[in-house]
Structures are given as C-alpha cells and as structure tokens.
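All chains are identified by letter, namely A, B, C and D, in their written order; residue positions are counted from 1 within each chain.
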Amino acid sequence: MGTLETMKDIFDNPNKIIEEWKKDGRKVVGHRCMYVPEEIIHAAGMLPYPTFGTPEPIKKADSYFQPCACEFVRNLFDLALDKKFGFLDSMVLCNTCDAVRHLYNMWDTYVDSVPCYMVNNPQKMYDESGFKFYRMELEKFKKLMEDLSGNKITDESLKKSIELYDETRKLLKELNDLRKRDIPAISGSEFLVTSMASMLMPKEKANPLLRKLIDEVKNREIKNADGPRILLTGSIIDNPTLIELVEDMGGVVAVDDLCTSAKYFWYTTKPNNDPMDAIVRFNLERTLCACAHPSEDRYDYLQELIREFNVDGIIYFNIKYCHPFVYESAIFRKKLEEEVPTLTLEVDHSLSGLGQLKTRVQAFIEML
Amino acid sequence: MLTAGIDAGSLSTKVVILNQDKIMAYEVLATGIDIGAATKRAMDNVLEKAGISLQDVESIGSTGVGKKKVPYKSVQGTEVVCDTKGALYFYPKSNGVIDIGGENCRAIKFDAEGNIVDFALNDKCASGTGIFLDAMAKALRVKPEEMGELSLQSTEDIEVTSMCSVFAESEVVSMIHRKVPKNNILRGIHKSIASRVVGLANRILLEGNVIIIGGIAKNIGLVTTLNELMNSELTVPEKPEVVGALGAALLARERKE
Amino acid sequence: MTTKVTAPGKKSLQTSLEIGKAVKAYYANIKEAKEKGVPVIWSYGLIPREIFNALDAPAIYLEHLPVVIGTKQLSGHYIQIAEEEGFSRDVCAFHRCFLGCAVAKEREPYLEKFFAPPDIIVATNLPCMSESKSFLYVADHYGIPYHFVDAPINTWGSDIPDYAVEYYVDQLQGAIDFLVEHGFNYNRDKLKESVCLSKRLVELWNEIDGYRKAVPSPMSSVDGFTACYPLVSLAGTQLGVTLYENLLEELKQKVANKEGVLDNEKLRLMWFGVPPVYNMGLLNYVEKYDAVVVKSMVEYIVGGAYDPSIMDPERPLESLAYKSLVDIINPTSENMVDFVVKTVKEFKIDGLIGSVKRSCGLLPGYMRLIKDAVYQEVGIPTSIFDLDGMDIREYDDVTSKANLDSFVESLLASKRK
Amino acid sequence: MITAGVDVGSLTGKTVILKDNEILAWNIIPTGPDSSETAKEVFDMTLKQAGLTMEDIEYIVSTGYGRVVVPFSNKNITEITCHAKGANWFFPSVRLILDMGGQDCKGIRCDDTGKVTNFAMNDKCAAGAGRSMEIMSGLLDTPLAEMGGLSLDIKNRLAPLSSTCVVFARTEVLGYLHEGTHKNDVLAGACEALADRVYTLLKRVGIEGDFVISGGIAKNIGVVKRIEQKVGLKANICFEPQIVGALGAAVFGRGILEKKTAKKK
C-alpha cells in the first residue's frame, strides 16, 4: 500500500492510533487551536491529539449553544457529549475566538467524562509583556502535564520534543513546496489528508512516513493541472470534500492557509537554549491566527503565499458565524482584489448545500 | 354546561364544542386571509354538527395568533396554556406536550400537578414546518397526507441537514435533480423536521410521557421518526389538531366557574 | 425602509431626563473638541474610561452610539451600508451599525449632533474578540492610527494571579503612551481622582440597586437602560456622581411612600441579553399583566458590576486592571452565572427573559448555563427566544409579544397554584 | 454553423438554437421533477420548431442548476458565465448584470466581450430570492405576472418586510394579511425587500456602466422599477429575459466551434 493510502487510512480511522498508543497505559491529551504547545504534552510522554470534527449535522449541541455559534465548535461539543472523545485523559483549549472561549465554559459544566483546561495566551504578538505573561501560563501548564502524566519534563526531554515536532514541520513544508511547480506533485485534497494524518499520528511514526512519501511523489505529476491555481483560506477545514469540490471544478489547489495545513508547519522554532522561551517565541513572534493582532502580518504572509505559489485566485471558505474570518475576508477583500480575484463563500461544517457551492466555485474558476 | 374553544391559527382554524367532559363536535378549516370570516364559518359548521345554536353556548375560549380577531366575546389564552390544558385533559399523568403546527412548533414541560415548568418556541430559522411540508409535497408531486407512509418505505437514510426551511427546500430540489428515490428524500425531510423538534425538546430537557399534538401530528412518518430520535414514550391523541381549541374551551369553563 | 410598529419606552423618573440632557452635552463637547482640533478617539470594550479622563481625550464608545442610532429606528439603514461593504449578517449588529455609520457618505441631521469622525482608534478584545477586528476597517477607511489593547480572559475565577494583572497594566500603560505620542498629555493625578470618582459612582450605583430591590419596584428597566449610561461614558467624572446622587434621592422618595411602577405588582421579571433599543416599549408591554421588568443584565454588563472596594486611587492602573479581569462580562469567568443567580435572588425575580441576538458571539453562549443555574438554585424559569436588539429589520412584533404573553401567563398560572 | 444552449433552472427549462449568430428558435417550459427529462423535452420542442434534427446541431452547451444532468450536452458552463455572455450578445455595452434564478440571485460584472470580471451571489440567509416571489404569489393568491403591476399601486402604506430572511418574510406576510393590510401594500413590501437584497448584492460587485436584468424577475415591473431607482441606472431588458442564459450557452458553443475549426486549419 503506497504511503498516500497509509495516510488516508490513518485519516479515516484515527482510533487505531489511539488503541495502539493506549495499549501500554500511556495517556492522550486533546487540544484545540495553535496556542496549546504540543511539545510540552509530548515531553511528558503523552500523545497530543488535535481534536478534529466530523461532517455530521448537529444533534444535541444546539440545545446548549444557541445555533448562532460556529458549527465546528458545536460539532466538537456534540462529539464530547456523545462520549466520542472519551479516550482523552484531558482536553486543553486556548484563547482564540469567542466560540472556543464558550466551549471552555460548556465543556467544564456539561462534559464530566473528560476534564477541560484552558491555556491563556495573549492575542497581541511581538509584545515583550505578552511573552512574560504567556511564559507564566506555560509554566503552569507544564506542571499540570507533569501531574497528569506522572513524568518530570526536563529541558532535555523538551528540547528533544521540539526537535521532533520541527522535523515534522520541515518535512510537511518540503512536501508542500512540491506544489509550487506548474504541475504540482500532490493534489490539494491529498495534501490535506497527509497533513491531518501527520498531525494525528505520533511524530516518531509520521516523520519516516513523510520522508518516504516525499521520495515517492518527488517527480510525480497530478492529472488535469492546467486550471487556475487557487489559494484556499478561511475557517478550519477538517475534511477534504471542499477541496475535492474545487478540484473537480477544474481548479488546482496550489496552497491552503488552513489550521489543518500551512498554519501548522509554516514556521519552525528558532534555536534557543531555554526550550520554554523557544516555545513562547515560536507562538508569539508571528500572526497566523485570524483572531490575533497585528493582522497586517497575516496580510503580508498571504502575499508571500500568493507570490511563492503563483496563485491566480483566492477562495475564503468561511463557516457560518465564524467571526474571525468573516471579518478578515471583509477587511482584506478590497486590498486583495487589486491583485488577485477573491471569492468569499459561506459553508456549513456539516457540508450541506454543496449544490449551491459547486455553482459558485465553477463560476469563479471559469472567470479566472 | 356547553362551552366552545377556538384556535385561530395562522394557517388553519379549529373550533370545538365541549359538553361537560365530552367533545360534542369539532371543525377544522383553512384560515385563509380573513381570520374573522374563517372563525365564523367554522363556528357555524360546528354548531350545526352539534345541533345547537350560539345562545346555548355559555362561554367561549380563544387562542392562536388570531385570538384577538375572533368575532365573539371570548376568554383569551396563549397557545402554551391552552395546549397544556388540552393535553392534560386526555392524559393527566403526562410530563409534557409538543405542538407541531403549520407555522411553528412548541415544546412545553409540566410538573406532576400540571403546572407549566418550562417551554420553548422554535427559533426563527426553524419555523415554517407545515408550509415546508406542503412545499415539499408539491415539489415531489405527492399528496401531503401520503408523505408519512411513503417516508417509512425508504431504502436508505439520507440527510437534509439545514435548519432553514428555504435552504432545506433547495437541498431537496438538488436531490430531485440527482434522481434520489422519492421515498428516501421524504425520509430525509421527516428526519430533518423531527431533529428540529427533538432539539426543541432537549432545550427544556423534556422526557417521559410526551403528547404530540397539532396538525402535523397526524403524519405517521414524523411520529415514527420522533420515536426513533427521542428516548421518551410518545402518544398521539386521536384528534391531535384540535387539542389547542379544546384547551381554550376548558379555560373558558374554568373562568366561568 | 419605512419603520415597523414600535413604541418608545415609558420612563417614569425625573433623573432619566437629566441623564438624557447629559448624553446630548457629552456628544456636544466632543464635537466642540473636534472643531478645536483635539483628536477624537473611538473606543469600546471595557477599556477603562478613567484613562481617557486622565488624558482629557474626547472618546466615542461603540456600545453607546449604536444605541442612539437604534432608538431612532435608523439602525437597519446603517447596518445595510456595512453589509454592502461586505460584512455578513453573522457578525455583531452593534459593530455593523457603528461601522455603517462611520463609512456612510452622509448621515441624518439628528445623528450629526452625535457623530464626530474618529482621529485615533483604541480597540480591545474584551469582552468579545471580534470587535477589535471591525475597528480595523474603520481605521483603514479613515487612514488613522489604530492601537490594540490585549485584555486577557479570566480563566482563574476570583483569585487573579499577579502576572495577569501586571500584563494588563502593561497593556493599559501602552495605550497611555500611544495616546501621549499622539498629542495628549497624561496627568497621573487626574487618573487617581478619576478612579476615586469611579469608586464613588459604583458605591452610589449599588445603593441605587438596593432601593430597586424594594417591592413594589420603584423603577423599571426602561429607566435603568438610561440610568446605566453614566457607567458607560461618565465613569470617573463628578457629573456622573451628581446624577446618581439625584437618582438615589428620587428612589428613596418613591420607596418611602411605596410608589411603584405598578400599583399591584404581581410579577418581577429580569431581562438577559440586549433589549430591543428601537422598541423599548416592549419592556412596558408586560405591564398589562401587572408584571414589571425590574432589572436588565445589560445595566451590569456595561460596567459597575464589581465591588468598589477594589478601587484603590493610590494604585490606579492596578485597580483598573484588576476590575476588568474580575468583571462579570469577562468571557470565561463563571462570575457571570453566579452574578445572575445572586441578582435574581436579591431582586426577588419571578422569571428571566433571555433574548438571543443571533449575530452576537458572546451573550447567547451564556443562555443555557444561566437557565440551568437559575432553575436549580432559585427554581425560576428562563424563556429564551430570538430577538435582535439592534437590527430593526429582524424585528417581528407578533412573535416577540407571543413569546412574552406565553411566558408571563405560564408564570401567573403556576403562581396562582 | 448551428449551436444550441440548454438552461435547466430549478423553476424553468429553456433552450435556444443559434444559426450564424441569429436566434433560430427558443422555448421555455416549467421544470418537472426530472430535470434531464425536462431538458430533453424542451430541446425536442425547439428542434421541431426550427425544423431540425439532433444531428444538425454541431455543439450543445448546458447551463443552469441541472447543467450536469443534461445527457446530450458537449460541455456544461455555469449560468453566471452564460448570463454575462448572453447579456453581452443583446447589449454589447453592458458592464453590470443582475440575474435572479429560482434559488439564487447573482450580481455579475463583465468586460466588453461578455467575460465575467467579478461576481457576487446572495448569502445563505437571503437564499431562494426568486423562490420568495413564488411563495408570495401563493400566499397572496396573485399570479406571478400581475404582482409587479399591483405592487406599484400602493393603497395606503408600504408594509415593510424583512430583507434578511425569506421564511421570516413569509411569517410577516401572514401577520399583515390577518391585520387586514391591503394586498397591494404587502406586494409592495415584498418587491421592496427583494430590491433591497439585490441592491446590497450589486453594491458589493460595484455599480457602474450599462445595466442588464435577466431571468424571470425582469418581468416583474414592481421589482425592476425599485431596483432602477435604488441603483440609479436604467435597466436594459431583452424581449425574453428568461432565455439570456440559454442564449449565452449557445454563443459559447459557437466560440468553442470557431476555435476548433481555426485550430484544424
């Protein structure tokens, strides 16, 4: 079975990873959003598990959240209520958007099977006082992970974890760079599945698989790559269906600035003999999250992606009621449209109403 | 002691004549544009059916969105209070009632003595259950009454996920274009409405013995789907659409005594 | 867009008129300052007003200007302008209204009296993350400087760690330095005096609340919605204190001779969520059932829901920082739920009305938590329903009144038993 | 050179047959439950009308909601691109097009060749724009064709309807009717709400240059007048606005054929 198929298999049933990891009593810690440092969880000998959603309609969560909260967060809460995250020994959130902040309140009150903790992070980047504040929060978080796992986190084990995770980021970026060419080596949907599988897997297993995959696809060329090159951005997409939709309509998804792809591996940790300080600067010396400031940073970063992957059109997939990206797409629209046509679309996380979406995407691609 | 109960709904008007504790006669007809005229027609028909005249009726109760436009002097009560009285009349030991009407649906929870403890109305996005069903019947070229049975003969479970009935309509239209079998689409429609109703019931933690009333309660497909999704025991009274009007009659009698 | 059926709220207090005059005067001063060339600041969130007082900086607050627009039923028009700029209906109606008014080519004469274009924007992510973003668009539109104050959310409950207070103090100091760079001069004594006056203001506000707990309630929430204005714009000023002293006197009088909003008050209701600013008459609507909306949580959310003893004029910035962190509106603190339960008990509330503004990312998230807490601890029900308090285009009079009728009748029915 | 365009919308099926840049024949029929059946039916009708058989047609382009289900088409193109090309065929100076189908309403900008340069479609809440007129027609039992005229004859005061949500507008209409508001005033409110929704969309795309309205809504004088007033531009409407999409598809067919023959030379 080729590596791409292995990745797809892991993406489709992550429970295999969990069973294998928990076989000898090791713990799993769920986390949501980028300011929860996986390296600290890993250094304590536990598996950091990124909680992704499932494209199912909402069942119980609408009676707790009003239906005007972002559907991705409601879907996570639905899964938590159904005990689908029962295997987690702890769930860790952080301070990003209003919906995640409320998820902390709701989880704390209504989900008793898995305890919930929140890492408080500043939303202002490049700010010395912010580094100090975040450092204190991470020290507390480190202690909590030590108590949960019963293992001590030493500078050594933390440095090793940082190296391991940076290796995964480098490999993912290398794989992603293979899409810069006129005919990309890997399609958008294949890449998303690979990126998410690598995020789910223990990194010890992911890195060799990624090296093998890079060799396999190095001089591969995907079919029908003559369409316009598209940059996908917007709310979190944790299912390849939307990307496949763009590709079916003739678009080449050259790069995606999503929480489940480029945002995860675009930067690596700068060398620093104090590992905790390295983690603080890794998270706070860049603006990737749409909730954070200064947002001009995100604009320059998008320009960089447009140039490097010579993008012809940008599509914003905004989940309904996802405030950060609904604002960003409105604010950036005028500036972006001077160089690259931009299409902003409203999507449901449960992927309903694809008929409407197909017409809009196909018209956009016909226009480019 | 003869009392009458009028439920002037936005889509259908229902009138009931109550003799002591027995329903003598009832009438259900479309409201149309003029509520006053529809109520008068319904009252005349029901009086004729019961073989009595207006003077014999000692007190009249009215409820529904058009209760202020009823052309008779009547005791006015909200749908929530009248649905409760009507449901408890049939089933004194029930824990709550769900009213699925033409325009919107309501879930009401009451305690052991029958006091209203909590209630929830559907939010704006999920309104128009009845109109949505009629529109789908037209689009699928199926008689509204048969929709229920047909939805039970579905071969596959498909999802109509959107809450908003306009968007659910466009989802169904695209399914029709994709030649999805009619029964499966109907199954999807009924599951979509049922999950909205269950969402409402969950909002007030409604469980136990629940009475399903309202015009749409006669749809066997919907009630079966509700049974699947809700872990409580559902009962449908034999004339579900007049329970609200019955409640209004009981209210009028109570105020008279 | 002709207006829908709406009615202004019936105010019964003399001080409400005085506060109305103070509002007009406040905006007139800002327009005067603008003519004199003093830069006007647009700001929001719980950035402490005392800082702007210490810098003599004229400031317009997002949480108040849209209310002025809304009460004149103009919010639909300006929100549509924001939507034409590309802002979808999912984001906060307050921000869209504020933004539409900012980028509109011309405004109604009535509104011009309140409107002064911004020269500097000072935004924050307290209480909601998104409003720091809508201000970016306004700053870009006017080409003016934009400063962001990062307020940490309260994940610690009541014992706030020192490093969090220090961080927020740094942020507030950053805002002061930023404004000093832009031509304002900072006077630390004024800050101390302002903090002192704020402490007095909230002490008076708590005393006023004390009298509002009397049965029958001397003051309805329609007056309350006007009465909480000084907490918004006049915090830390002598005028604010004087207005509240008058309000306190008036209430003492009313309670002394048992003068209630209603003679035979049967039900005491509380409103959670934004009431319809364009139709405050809806709050008086329930009075036909002898029910009074005695308090609405919005009166606390805009400020003043903290123990005034934490305000220490000698350490002004630290007190202001601490106050913002323990504030009930800080998103992840369970203070909000506990505070609502305490208020319901003290005001002897019979029923809680929860209005959901679908475009709000913050308040609807509390609804279920409050509903369960209030029912378990006080045994009273909460009725939650759709009502956009700002966007008049979404207002449906029939359904809103049907909701209120059903809720009040069910309360009266169980009260009779 | 003979080409054809088949536009299968959610409400109506349309066909246009083009011979050397002249319209040879066209037809409109209501869409039945099976859209590929509808496509076949309307296509055969038009063939018979033009006295042609399937083989005479050298290239067929399908468009509209059911474009992928048309079995006999050589290529499918979205209605947005086809409406731009079709509008350009009727009015070469057009730069701004409004097309209101059953499910969506679209604001399209194009250049002088009819190529789309920018477009915006209604967001989810204002969906079913065209469909809302059908719902209003049912509620007020007024035929679609008469609604526009009646909406301009206001009796006392326009009854404002929500421009944000079709379901909500439906509840409001029932409320107004039961309060005895005159039918024309409610119709005026419905047309005003639709014009509001369209105006917001056109503003997002940018209002400049000659303006064309295509699709069924162009026949509703009440909506057209109100849009013209808000947009401040005269709306050019061709003799049959519902076939603009199908015509555009046929014109695309011609273009593809010309390119093919040019390549062969």
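In this section, a contact is a pair of C-beta atoms (placed from the backbone, for glycine too) under 8 Å apart; a residue touches a chain by one contact, two chains touch by 3 or more.
All figures in this text were calculated on a predicted structure; none of them were measured in a lab.
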{"item": "Count of contact steps on the shortest path from chain B to chain D", "value": "1"}
{"item": "Far-end chain from chain B, centres as C-alpha averages", "value": "A"}
{"item": "Centroid spacing, where centroids are CA-atom means, of chain A and chain B in whole angstrom", "value": "46"}
{"item": "Distance from chain D to chain C - Cα centre to Cα centre, in angstrom", "value": "46"}
{"item": "Interchain centroid distance [CA atoms averaged], chain A/chain D, Å", "value": "40"}
{"item": "Set of chain B residues in contact with two or more other chains", "value": "65, 123-125, 167, 170, 174, 203"}
{"item": "Sequence positions of chain C contacting 2 or more other chains", "value": "86, 88, 356, 368, 384, 396, 398-399"}
{"item": "Contacts with two or more other chains, residues of chain A listed in rising order", "value": "63, 66, 320, 346, 353, 355-356"}
{"item": "Arrangement of touching chains [line / ring / star / complete / other]", "value": "complete"}
{"item": "Touch list for chain A against partner chain C, complex", "value": "63-66, 68-69, 95-99, 101-102, 104-106, 109, 118, 120, 122-124, 127, 129-130, 132-133, 136, 291, 293-295, 318, 320-324, 326-331, 333, 344, 346"}
{"item": "Touch list for chain B against partner chain C, complex", "value": "65, 77-81, 113, 115-121, 123-124, 203"}
{"item": "Complex contact set, residues of chain A against chain D", "value": "320, 337, 341, 346, 353, 355-356, 359-360, 362-364, 366-367"}
{"item": "Residue numbers on chain C that touch chain A, as the complex places them", "value": "85-88, 90-92, 125, 128-130, 132-134, 136-137, 140, 148, 150, 152-153, 155, 161, 163-164, 166-167, 170-171, 174, 331-332, 334, 356, 358-362, 364-369, 384"}
{"item": "Contact set on chain D toward chain A in their complex", "value": "65, 77-81, 103-104, 115-119, 121, 123-124, 127"}
